[in-house]
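You will see two complexes here that share subunit A, one where it goes with subunit B and one where it goes with subunit C.
After this line comes the complex of A and B, so read on.
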């Protein structure tokens, strides 16, 4: 029987979702769809897919993109002229954790999303050392706990042995293995 | 009625006893002044030692002695500065920055603005002046590096109307040749024949313009022009701080530091004389740089002792995020 993600996140606020490496792309779309069925306003932080490609993917999976706002950390690296979009904040680089944190803070103040999908911690580890990513997530979680916003951090199953992902066990309310 | 009062009343005659008493007091006073004069003529021990060891010549001895007096005056004036402005504070108007300070910047304080290349020092300075001039306060941006047009262009990029402010007479950008300053200071020193209490104001401010806010960009450029004449530079910089204090302007003195901060200024005298030190960081973070700001020192007010995020935003200029920590590094 498939995992009922929405039921799993009930009563908790900060969740780490472990995704299988092989089915990561499909899984993240499924999660986005589930969240859009449950919440009216979702903030999607993307470190993997460029804004345009992500929009297409979501639309192909029949996800209502009108419920989403985006924090795009990578398009500007590929296309410096990318100006963002009405529903998208652009970040200069996935390395710029301060800018990411600031943008999430600004979204929490302005659009007040009910849910954040953070895709993904595994990608962050390409750019930053374990310790800095842990500090960043710790600081971000403190900020999130001041709101009623539910946040799902995603990570690949292959990274569960990494110190940073193990440390996160202390910081999140629940770890879900999404199958 | 005292004896001295009687002296001025011609109609009253003094007794012999009173005359003796006056003479005694005059003698006491003369002895006191003679003692003070002797003390002032005495050389401080460390200078005396250098003379004895033949390390300095008579001219250098005289300069060191006078510098000693300058230092003493500065030390004495430090508490005056602290006490004088403690009840009056001014706001920079930079979004988020003033929240780092309990009350604001003490009015009349001289603050160093340190940072590496591209850290936002010039924008910070221009923005403060734009905000103050828009409130009707007199401001001058004294540039020793970039030309006026380039600075005006910077302001236009952020939508700051320098034309209006200049027309209102509240805002001036003035370019100085640091080498001209060097020559003028040396000429003044020569004219003053070793007297170090020179008046640097004629070489600085436009006639009749009494600024409430001053930005000097940069002290580093001035220091470079004094290369090889470090002693003269120190005299100049001390006089400059004294001048800023005298006119009561709230001032920001930009200093260029290395990207990785090792020391704030080359000579070290500026941070000693300044009331405050603000550091702008441009931290390498992977393939990008993150901006951050820190108030390192500010006499006369409490402030948040932490490094916080800062951004340069179009149409806004610098925005400081007092609650946002910085995650720079690899």
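After this line comes the complex of A and C, so read on.
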């Protein structure tokens, strides 16, 4: 029986979603669609899909992109001239933790999203050591707990043995293995 | 697919041969171990088909990407199929014990970019010298993307235009650590025409 993600996140605020490598791309689109059916305002933090491609993917999957705002941490690594878009904040790199934190804070203040899809911790672990990412996520979670926004952090199944993911397991309200 | 004459194909293969030879030598010296380069695809092909020729690896890949400008515009892209492979390459390049690198800091990124430069330069210099083309390579960029999104990166400068491109794709294998990766050189239509004209000019001289 397929997992009912929306039911799973009811009554919780911070969730870690573990995605299988093989189905990651489809799974993340399914999750975005489910969230857009449930929430009117979603902030999508992307770390491994370029903005244009992400928008195209969402549209192809009939996801209402008008409900989304984006914090794009990856496009500028490939294209320093990327200008962003009206609904998109550009970050220089997934390793720029200060910019990411500030941008999320600004979105929480201005657009007040009801949900954040943070995709993904696995990419952050490529650029920064475990301990730094753990501290960052710990601080981010503390900030998020002061809001009424639900946050889904994603990580790839292959990274579940990483210390950071194991530590995070203790900080979140729920861990969901998305199949 | 654009039908090339046998002579044009031969000339393109010659450029690729010189490039592969240069790349293998440069990387072998860089790594201190034999690096093999083998051609997997070379043609002038419609963008739509070219994107299908780029392997869509499942999982996060590490890509080194450099735009090309001048007489010949396009992109080069070098791909590692796992984060672990990229870390191992960084260890090799920084003369560290394999397994030391655990994340891609600035020093590791610089080392990998040098490798990307060596690969790109090998092919662009063979194009420049053999066909007398002026090619400017912009700085390497390193990015991590989900493998299935690689076409967004490779073809991002092409827009949605239904155009042809030159696709040169090779595999590289770094001997002692058995790391496999892919390198691709993709040219815009205008550059394909410039390239074919340069080949014609070269052939007329012979």
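Going forward, the second predicted complex is superposed on the first by the 179 of 179 C-alpha atoms of A that agree within 3 Å, B and C clash if a C-alpha of one lies under 4 Å from a C-alpha of the other, contacts with A are read in each partner's own complex, and residues count from 1 in each chain.
As a working rule, a contact is a pair of C-beta atoms (placed from the backbone, for glycine too) under 8 Å apart; a residue touches a chain by one contact, two chains touch by 3 or more.
Please read all numbers here as calculations on a predicted model, not as lab measurements.
Once chain A of one complex is fitted onto chain A of the other, the partner contacts of A:25 are limited to subunit C, with no touch recorded for subunit B.
By the touch criterion defined above, A:129 lies against subunit B and subunit C together after alignment on the C-alpha atoms of chain A. By the touch criterion stated above, A:102 is placed in contact with subunit B alone, subunit C being left untouched. By the document's definition of touching, of the two partners only subunit C reaches A:53; subunit B does not. With both complexes placed on chain A, subunit A has more residues touched by C than by the other of subunit B and subunit C.
When the two complexes are overlaid on their common chain A, residue A:79 makes contact with subunit C while staying clear of subunit B. Shared-chain residue A:163: touches no atom of subunit B or subunit C.
Residues 77, 94, 127-129 of subunit A touch subunit B in one complex and subunit C in the other. Interface residues of subunit B facing subunit A in the complex, by the touch rule stated above, are 285-288, 290, 292, 309, 311, 321, 323-330. Listed in rising order, the residues of subunit A touching subunit B in the complex are 77, 92-99, 101-102, 105, 127-129, 132, 135-136, 139. For subunit A in complex with subunit C, the residues that touch the partner chain are 21-22, 24-25, 47-50, 52-53, 56, 74, 77-80, 94, 122-123, 125-130, 156, 158. Across the complex, subunit A is touched by residues 58-60, 62-63, 65, 83, 102-105, 141-146, 148-149, 151-153, 156 of subunit C.
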